[in-house]
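Have a look at this one before I ask anything.
Residue numbering begins at 1 within each chain, and the chains themselves are lettered A, B, C and D in the order written.
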């Protein structure tokens, strides 16, 4: 089986990571590579790490370019996916790395994003209860945001054991902010510096985390979410905590919850996650403890925002949608040190 | 007035930062520079940034070396200060950058540090209610830990307005971990990576934060504290949050609380703290918001762990103890970018 | 004596560093702070480390704004200084941090920069033979480029002892590339990565290095110059080498040459320069050796590109021009680690 | 065909990278993982990125442990390989990532390393003229040093066109210095800082570069080599230059030389190498130009010191020795950004 794929937004970080992974996928043939303003220029000028595609030139992102592939990955700014997807037939698997089809609540969409609400698609986090089944044979898939991926996986197993409010502070590399040049993302600004942003519930991933946790819990979970920018290109380390309402052995709960998951690993006692251990991999590493003075659960989880946080999840979902083994082309081995 | 000072532990990071600041202090003359294993070697081999002291050789840390100065700064591993201090007369101002004399509770000492409890000294965080007066004319001063400094200043003004449990996740540069070579602190390990440690109340700064906040609140405040190591040498960015129990305008409360403080700055609306803005300075920058969905206060604060977090606080305390203007030799201007 | 100064280009990196230094200068009063596109916005939004100037708003860069000061610092893109300077009276000391008045050869200007040649001004590197005198009482001063500063100081003492071709490979932080947002300068791109640019004599600082060395040597010196971008905000480490034509003790030559220079330090044997040892300081650290197999001199020198490489040199020149002690307001103590 | 391999020194950086690559090699089964002081501890405690080996415990490095494998990789400090290798039969392919068997000159060994000279083995840089053939069916292979790999590949094609002296300044990440904790390699020291070391021909890779280039040239080539440590974990960017003695089109010479090499890529005009483009890959990216003012060739080359610079080369050599396709299990796709 050879799957012919296209990537829209191939000059950006999500697009580049998709291609890095897809080049290692045994069943994939790489078709159209499209872009907006960068159309017409060689891919290598934007993705110098993709040597096997050194002869490729970016074309314009249009329906015509994207048609005729088995799978189309959309790695576009939010608000650009719905119209394109509507014009791609239902025979094409469309996997959207953007935010357009993640939120099930139109109110939440209007509040945090705005513009026309495009409705929601099957949500590409198969490790959440009930999601994997919806992704098999899906023809439209919404890839989760990077923070929601790591936060949801960090907290989902505990939901029966915690109170309704969770606090997430997640340290992220800068690639999550994309490749559009902005002064505060310059190397000179971010190196040697940490900064918080989107504080107080202002970050757009807040409602997505709440949606995931509430759905998994079967009750409303409130999320206090603060993202912190750290001087690294990739990686998210999320510290997630909540008051326990049971005295159960939550460590066992986590080990059991993820025992059969190929990409989510509860570390052995004494080891704590580091982002470089998952760099470039589709793995999530997490560790769990209880602050007994406060009866508070603290979970720390690490993920590569571009891999399991975006492009790896997209490939994992493609595998599910096409009936391929879920782990095909994906690795749990990080590039460290 | 010329103050003759000595630094015990001059080859480490706290010692180096003390000397960097003291070289710029108009009233100070630098006397003995002592060390443990590094005694006998040139200071410049350990502190290549201290060119004006290029002719200095480190001597052994002994009472004899330290006697005969007006002020002795101790920048030693914990457990080493009490015995030394006991042998330095009461005419000498002893300022301990270590942990030995910070905790007022012997139980807390025994639980988090162990070894002989040395009792507590006046606590060198003049911005906390009631502390500044105790530091004037003090002859023994305990310099706060870096995390307690930033966390306490971030939360103290809100204590009348919040519930009894606070959550602090603080991203720190690696210099806080000191200069003793350890594999997990190698550049190869920390660059490009974030990691949590001392999770679940295990970090020794937890009881110190709780002590400060409880004293300021006049009631027991519980602290969930998680430190995160980020790839930078200096700086702490603390995200501190708690449930509000009032509907007061907490932003105004903060502005009022710190209006006259020379080193603590509540940023104008729209600006959020970054650690490089305070790098090398004695300033604390903070910003406050309320997550109205959760009625949760979120405060983000930035500090240089080596300056206001250690050595700058020590100099500020020296100024207070000697009756000098509190800001002498200290700056609020960071070295950025 | 109080010197009233203005900074044109106060929102950029050179402007910010000028203000950081001038805030610590005892004889300076800070007047107009002007900008181009950023005029009208608060300085703190661009320079969050300059807390003492938190109440300042940037004004438009015009002759009217800049007039009425004793000293005007120009920190503008190249090509913008000549016209402004022409309209500022000769009573005003104008110190240009840009490239416009550095090159004495119109041909060189036309080849590497282009546009109208503005002529050359006294060159602000007092440590070069014969330059300090020209700077005393100067009313127009061209601040050297950062690479030429470190390269010229690294090689000037050796010129009588080396052949006519020198090779300079200089590793630089990213702040030298300025604050205008460009994709290749994003943190995500530069962190974890080294890259060369302007290779093969293409960098504009090449003719300036050659000009300095040729003038000091009294013969034409050819320069092979390659700048390398490294993942750090500040600092240049230059490795400079040339074939020796004498068997003289060059180490002694260097020590003698810089014995009385307050800012240039030949390190003791066994110590090699690091850029963090000079971070934020006006010091140049260098070390010298001879590769005896090849009879080749190798000099390694470190400088902070924003301080001694730009703004520190500007302040040093201001001191000379005004008859102040040359080191006023400047430090040789770096901010390390 | 399944190749059973062992790694001696599995807790270090070279060992970890070998395992990362070998886990992705379709023909390899991973056998014994041995260590020195770390024997007895779980591999994951030292290599947290190697999740598929989470159940492995390190054993002592002994002949008994290593025997019974098809291929034994030695990733040991220099001086430890010869004795071990002598006790492993000739049926075992022994691939030494250390320096013990690289130098063909006993004099050079004595001068730069010292201790018993162990003789030289086939040299694992197949891209050098005549080397690939010697590696097919070899039973003992010396993996090149990281700096010699990139420097030799950068200069070898030009040797007929340049004078006899080359100048190499190579910027390296810190992982090349290994995992043994040393103060100057702490994150606090290396972040934000560049430094030179082994200057003036003092670095042990100098004779190896000279050996390679002299052998390829058929005449003595003198090498001025300076390594520079930059704040990144991985990657080397080498700037290599030499005076041209011909007016040939050297760009074409390079393109022709590497046209059929799977891992060495001369970039299209206008693109320059960056180390993150080759991170984690076995690729070498290079670009060539001529400084026409000086008639000097300048070549810039990028490599990952741990991959093509060490472990990737070792796997490439294993493939050759076993008659597998040379590129099996190796990628030219870097992990960027």
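As a convention for this text, contacts are C-beta pairs under 8 Å (C-beta built on N, C-alpha and C of every residue); 3 or more make two chains touch, one makes a residue touch a chain.
As the structure is a computational prediction, the values presented were derived from the model and not from experiment.
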item	value
Pair of chains joined by more contacts [C-beta pairs], B-D or A-B	A-B
Remotest chain, chain C as reference, centres from CA atoms	A
Chain centre separation in whole Å, for chain B relative to chain A (CA means)	37
Separation of mean Cα positions, chain D and chain B [Å, integer]	44
Residue numbers of chain B (touch at least two other chains)	13, 173, 175, 186, 188-189, 191-192, 231-234, 274, 276-277, 279, 336-337
Residues of chain A that touch chain B when the two form their complex	165, 167, 169, 171, 173, 186, 188-189, 191-197, 199-202, 222-224, 226, 228, 230-237, 239, 241, 243, 272-277, 279, 287, 289-294, 296, 298, 300, 302, 336-337
Residues of chain B touching chain D in the complex	13, 173-175, 177, 179-183, 185-192, 231-233
Residues of chain B that touch chain C when the two form their complex	13, 16, 20, 23-24, 42, 44-45, 47-52, 54, 175, 191-192, 233-234, 265, 267-268, 270-271, 274, 276-281, 283, 285, 331-337
